[in-house]
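Structures given as structure tokens follow.
Paired with chain B in one complex and with chain C in the other, chain A is shared by the two complexes that follow.
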Partner chain A sequence: MVNLRRYTLVRNLVLLWVTGVILAAFLLDIPRINILEHTARNLYFHVPMWFTMMAAVFVSAYHSFQVLRSDDLVRDIRALQAARVGAFFGILGLVTGIVWSKYTWYVGTDVWWNFDPRQSMVSLQLLIYGAYFVLRGALDDPSKRARIAAVYNLFAATTTPFLLYVIPRQMDSLHPGAEGNPAFSEITHPVMRLVFYPAIIGFIGLFWVLYTQRVRTALLKLRTTHDPEL
Partner chain B sequence: MSLSLTLLTDIQDQAAQSTAYDSIWAGGAVPTQEYSGLEQVMLAHDKLYVVLAVVLIIWFGIVILLLRNDARLKAVERTIEERGIRSDDGL
Partner chain C sequence: MEFFRGSWAVLKKDLRLEWRSRYALNMLLMFVLSSLLLIAFAIGQETVGQRMQSALLWIVILFSASIGLGRSFVAEEERGTVLLLQLNVPGSQVFTGKLIFNFLLLLAVDAVSLVVFAVLLNMVIEDWGLLVLALGLGSLGLAGATTLLAAIIARASNKGPLLPVLLFPLLIPLLLSVVRASRAALDGGLGFTGATGDLQTIALFGGVVITAAVLLFDYVWMD
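Entry: the complex of A and B
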């Protein structure tokens, strides 16, 4: 079910890789931009959270699709755990974004949350995934649960790109990449790309490790109690 | 009159020189109050502590997930122990 040798190898590589990313994130000198100052370094941490969540959404949707094709309960376990760890990274992305915005967009005010379209839409998206977990809890029969949850999960996955990328970019937002604000590609210095792309790879690797860990536990639970829900 | 004209040109100059990010703010009346205690800490060293806060949030998030995973694993281990399932029972 899970290739343990590959898991251990990838885990060790990921831990080394992310350590290197964190060191580079703090040690490499970056150009200072007004208002952003050193917080530009959050590009290496906040933005990969969303890339990772997007990757998790793809993995989860792929396994839900396979549930509908094959009725395989192991696919259902994988879909659930990918969504769980994906939502975890989404929450981290949202919270780190709130902290970042407090000291840039909202500096000198008491504002922490101002219903910026980007933040509102991702909150909505996380609620859609919250409903997926609640829906699963409401169904008792494992194979019925797997199929119904898979259909809902495919719906949740299709809403994600719209709520994350399409709608916020049509609206006035302080977030980069929105109407009236330059996107990553227009403003990012080459030195920062040198850390940013490896950071994305590192955090997606971290997702894979955490996700595989949970799949292993869920499989063990399935074999002992015939109920894989974690 | 000349004073307000100078002010206006100043603001326009700032807007022209500023980078993409602060073009929204330059010239606009941004309500800025005295920095609170927390802000004074977070804005020190060119806002470096904001990055520290973000890294710590991610780190503690991972710690919480790790502890939760451990709790789940412990529950499964307890089930196995209670039932006395041995390693040759197909586990």
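Entry: the complex of A and C
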């Protein structure tokens, strides 16, 4: 079992860290660039959301793999909760990206959706998680549900890497680091990088807090429904 | 050799059952015909560009696959023959037999939809070889994904419209490359060189999907 005191300590540290990052994101002075202006602060939120979702996808797929190896229902709970929190961060990343790009990259075009490769990839991953949740709802027996949902999660994880190859040839990306575009570190001011890297750590930490909290609640729920003495 | 005998036995059983009722085939063909007619009526006399033609062709194929191929394992469940299959044939052989059967059905769908589409929309096909290759390879990946998901929905309590929901997100990489390869075939300007990248992606997608499906199938199939 987890050491509860250590868990609380780490959780409080993470929350403190995220608070610091958010304060720094709004208060620190940043270099003004034409068109971008103060919206550049969105960098501290939008990009870490995308990183966090990737981390969540890996955690979910890993636990799905473990479900198939051990038939452990706790692993199933972990895979589900990682997917849920990951989907939440994916939606946040998508929304912050759409709003940000509408008023900067695509200013004057009056278009919301631009089929940017990364945008398409996040929306696809969200679609897959949507199907995953629907599938779980259609299965009644817990151990059967754990196994079959894990199969779907892993099967989906084998097809998504193709997007990395297929979609960029469909349309060019405006994101830094995409082919032909300057790398992120070349165009971002050192002051901004000072907040940006801690923000990635902070939001992944926030994912960890939300995820472990949900797992603990789900475990308690499982125990109360299965243990007749409680 | 054992492997091929088992797969062949499953395939032969499915083919024989299909030959007796012709249910899946008739349903698929009727679905293809009616959806193609719907498209033709909806478009009317408007000329449709090549990109649009190949997109519509593939959307019809995807929808008919998601509707017609979902039955392969549900039918076993309804007939009560699942246990018999589980006892007599190893899972990978059941999967291979079903996969080949679904692939054959899809080839029939491809052939019919291609001919009807070409007539209805006045489609001009410059490079037949490339188009047939794109359709064949694409159908292989499609059959691989559909067969595993059909086994999944056979386990679910609410089977109805579940297959399309599960299938479409997985097929978007395939759809993108296959539509572009078909478009290159309709255009014919660059021939095979224009579509090599897409054909490679389609073949690789089929290979990866079928490998993953064979590895994962036992977890769905066995209780």
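Assume the second predicted complex is superposed on the first by the 202 of 230 C-alpha atoms of A that agree within 3 Å, B and C clash if a C-alpha of one lies under 4 Å from a C-alpha of the other, contacts with A are read in each partner's own complex, and residues count from 1 in each chain.
Keep this in mind: a residue touches a chain if its C-beta (ideal position, glycine included) is under 8 Å from a C-beta of that chain, and two chains touch if they have at least 3 such contacts.
As the structure is a prediction and not an experimental result, all values here were calculated from the model.
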Requested in this report: Could you tell me if A:Q213 is touching chain B, chain C, both of them or neither one (first, second, both, neither)?
Outcome: first
Query raised in the report: So, does A:R11 touch the first partner chain B, the second partner chain C, both, or neither?
Result: neither
Query raised in the report: Is A:L92 contacted by the first partner chain B, the second partner chain C, both or neither?
Result: first
Report task. Have a look at where A:A156 lands relative to chain B and chain C in the superposition and call it first, second, both or neither. Result -> second
Report task. Once the structures are superposed on A, label A:G108 by its partner contacts, choosing first (chain B), second (chain C), both or neither. Result -> first
Query raised in the report: Any idea whether chain B or chain C touches more of chain A?
Result: B
Query raised in the report: Regarding the shared-chain residue A:H175, is it in contact with chain B (first), chain C (second), both, or neither?
Result: neither
Report task. State whether A:L124 touches chain B only (first), chain C only (second), both chains, or neither. Result -> second
Requested in this report: Going by the contact rule at the top, pick out the chain A residues touching chain B in the complex.
Outcome: 22, 25-26, 32-39, 41-42, 45-46, 49, 85, 88, 91-92, 95-96, 99-100, 102-104, 107-110, 174, 180-182, 186-187, 206, 210, 213-214, 217, 220-221, 223-225, 230
Query - Contact set on chain B toward chain A in their complex - result: 18-22, 24-25, 30-33, 35, 39, 42-43, 45-48, 50-51, 53-55, 57-58, 61-62, 65, 69, 72-73, 75-76, 79-80, 83, 85, 90-91
Requested in this report: Provide the residue numbers of chain C that touch chain A in the complex, in ascending order.
Outcome: 145, 148-149, 152-153, 155-159, 162, 165-166, 168-174, 176-177, 197, 201, 204-205, 208-209, 212-213, 216, 219-220, 223
Query - Touching residues (chain side chain A, partner chain C) in the complex - result: 68, 124, 127-128, 130-131, 134-135, 138-140, 144, 147-148, 150-152, 154-156, 158-160, 162-163, 165-167, 169-170
